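Dropping the structure in here first, questions after.
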Amino acid sequence: MKFAIQINEGPYQHQASDSAYYFTKAALEKGHEIFRVFFYHDGVNNGTRLTTPPQDDRNIVERWAELGEKHALDMVVCVAAAQRRGIVDEGEAKRNGKDATNIHPRFRISGLGQLVEAAIQSERLVVFGD
Amino acid sequence: MKFAIQINEGPYQHQASDSAYYFTKAALEKGHEIFRVFFYHDGVNNGTRLTTPPQDDRNIVERWAELGEKHALDMVVCVAAAQRRGIVDEGEAKRNGKDATNIHPRFRISGLGQLVEAAIQSERLVVFGD
Amino acid sequence: MSILHTVNKSPFERNSLESCLKFAQGGSSVLLIEDGIYAALKGTSAEGQVKAALDNLSVYVLGPDLAARGFHQERVIEGVEVVDYAAFVDLAAENDKVHAWL
Amino acid sequence: MSILHTVNKSPFERNSLESCLKFAQGGSSVLLIEDGIYAALKGTSAEGQVKAALDNLSVYVLGPDLAARGFHQERVIEGVEVVDYAAFVDLAAENDKVHAWL
Amino acid sequence: MSEVVKKYLYVNRKAPYGTIYAWESLEVVLIGAAFDQEVSLMFLDDGVFQLTKGQDTTGIGMKNFSPTYRSLGDYEVKNIYVDRNSLESRGLTQDDLVKVAWEDWESGEEKEDIVEVVDSARVTEHMDESDVIFSF
Amino acid sequence: MSEVVKKYLYVNRKAPYGTIYAWESLEVVLIGAAFDQEVSLMFLDDGVFQLTKGQDTTGIGMKNFSPTYRSLGDYEVKNIYVDRNSLESRGLTQDDLVKVAWEDWESGEEKEDIVEVVDSARVTEHMDESDVIFSF
């Protein structure tokens, strides 16, 4: 079955991203397809490559990146939400005159339409938030 | 009177940073002293210089930076919380092997002790959160 | 020592106002801010709780947050005082400490 | 069409479980995750609500979230089924849609 | 943009301004209009506060997004439901809420206000009939 | 590090793991020990869940910070209060909670467990007597 995953909260502050990760992993292990993981609201903060969590804790961003790499996941960060929170890729940096980027290379920034489309193309939308 | 301000949430997602800003501004206008503004938990995300909010909305980060500049505010981002969320200055980038920084120059990263000290040195601690 | 208690969440969504009113010492002050302002409105299911609290607490509501959400003085429970940010600062200064019920 | 409702907040802090149970159609499923797992415990002030819901809903609780918070099967209300993430996926697939009560 | 037509239900349970969920949820609805799905909005619990009239955010410096609700009829939104109990327990009536006009550009059919206050049973029904439920 | 001695009260009202507040609040307490203030912790509402025994986070991949509570006696924390009503309405008794031992390094005085379940009136008293209230 085809799933779309939506994550509304950033890493560490809320469990949402953790729960979504374990759900996604379990779905993949069962042979389901993940059409897209969409990061919305503060969820966009899961896409930064600049975190350095304590060594005895999980690395939420890298864990997503590895799962994404292994299963060729489409991990999309909402552009409007990202602009408000300061998640930036090369294109956004150029467009908005920013002198740095912080997006992790395994994530891509795109429009909200990608969420609506994911809900159309998938058989289930599963949302994790606060 | 001497106030310390603590902010537990990032910009835009929660009103905490907005409320803290208006409280701080009102306190300064009344001639009070702001000993320190301490950004904790997701509050550290108020210290990024990479946001590009919509043109018809307020710019939370720049607004803090301007108030800080005008009144020489000590605006401190907690280092432990910042590492989990990916808020990075030059020193942190070097220490943790990051290839970019995103801290706004008007903010500084420092330890949690700065919060405890602020509570000792100030006559009032006012906390804004979720 | 007197306390200014702040409550920033809706009484219909969370337990913070209920908890605050339960533990606030008689004579202390409660300021409703952000989504907490809904507790100040007349005719809601939380009105009884707030009216009872007025017997031994001073209750304030932040005007700018009230207006943002579409409400004004005339919808506010009698005895609850509408204040601005300057008065919020005064309340924080006049009381010995501030307790945010997050 | 059948719905899997997920509730991730404590019933003592928020109104999401209460609201979910009020609107969930008879026959649908409710899964308690994250801080929502506290609603699955015996002897709490929310127990009556959950027991009543068991009359016409299936209620599940996520085991890993339960264990993280120090609880296990023997503290869970009879009739509430402890499941793992794989079963969470199955529930999402078996029902026609998922409704997260955020 | 797509040949699949699904029934989308946006469930709004949170108050405006204290958090951004109400506003960013609305942004999804606006964007979603381009996808020609069958869109309904449901307001319950504190979500009913999103629709109050006379919102004035000048004093808190935030963008007032209340006017956007009034234009939802232009964004392919066909139904807007409000839970009666939620409204009543918050001391509100439909008079306190904005009106959302609607016009079918093809048939010319017009409605002055598509905001409909419904009973709990109807809320459950609409959830049941939808294909996808969005929550934020 | 400072000559001012204030009575610090950390108020914990949130459950662990669902959000990070419990853990990052504890980090302040640990750091605060260096400042020689008079520190008390108050657990009420869902905050009482922070102290439950037997937490095992293996299945959710998060760091189990429960053992840290047991060591608070080594971090200048003198008093740990738990609101009785909060405990009872959650079906818990003190037996469900971790024990926090305490020893005064100068006098050699020892206590097996400084976790004290108190009535509402005492909760109010402790809030009243404190100089600073931390909440997260």
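We just call them A, B, C, D, E and F in the order they show up, numbering each chain from 1.
As a working rule, contacts are C-beta pairs under 8 Å (C-beta built on N, C-alpha and C of every residue); 3 or more make two chains touch, one makes a residue touch a chain.
Predicted model only: the values in this text are computed from it and were never measured.
**Q** Spell out the chains that contact subunit A while also contacting subunit F.
**A** B, D
**Q** Please decide if copies subunit A and subunit B contact each other with the same set of residue positions, more than half shared, or with different positions, and reply same or different.
**A** Counting shared over all numbers used gives more than one half: same.
**Q** Taking each chain's centre as the mean of its CA atoms, which one is most distant from subunit B?
**A** Ranked by distance of C-alpha centres from subunit B, the top chain is D.
**Q** On a CA-centroid basis, which chain has its centre farthest from subunit E's?
**A** Checked the centroid distances; the maximum from subunit E is F.
**Q** Measure off the straight-line distance from the CA centroid of subunit A to the CA centroid of subunit C, and report it in whole Å.
**A** 38
**Q** Using mean C-alpha positions as chain centres, tell me how far subunit A is from subunit E in Å, no decimals.
**A** Centres of subunit A and subunit E (C-alpha means) sit 26 Å apart.
**Q** Two or more other chains in contact with one residue: find those residues in subunit E.
**A** Correct list: 14, 17-21, 45, 60, 62, 132-133, 135-136.
**Q** Would you give the residues of subunit A that are in contact with at least 2 other chains, written as numbers and ranges?
**A** Residues 8, 12-13, 15, 19, 22, 41, 54, 80, 125, 127, 129 of subunit A each touch two or more of the other chains.
**Q** Would you mind listing the residues of subunit D that make contact with two or more other chains?
**A** As it turns out, subunit D has residues touching two or more other chains at 8, 12-13, 15, 34-35, 64, 84, 97-98, 100, 102.
**Q** Okay, what are all the chain pairs that touch?
**A** Final set of chain pairs in contact is A-B, A-D, A-E, A-F, B-C, B-E, B-F, C-D, C-E, C-F, D-E, D-F.
**Q** Sort out for me which residues of subunit E touch subunit D in the complex.
**A** Residues 11, 13-14, 21, 44-45, 120, 123-124, 127-133, 135-136 of subunit E touch subunit D in their complex.
**Q** Along subunit D, where are the residues that touch subunit C in the complex?
**A** Result: residues 12-15 of subunit D touch subunit C.
**Q** What does subunit E use to touch subunit A in their complex?
**A** Contact set of subunit E toward subunit A: 1-2, 4, 6, 8, 20-21, 24, 27-28, 31-32, 34-35, 37, 132-136.
**Q** Any idea which subunit C residues touch subunit E in the complex?
**A** Listed in rising order, the residues of subunit C that touch subunit E are 8-10, 12-13, 34-35, 38, 41-45, 47, 63-65, 67-71, 75, 84.
**Q** Which residues of subunit A touch subunit E in the complex?
**A** Those residues of subunit A that touch subunit E are 8, 40-41, 80-81, 111-113, 115-117, 119-121, 125, 127, 129.
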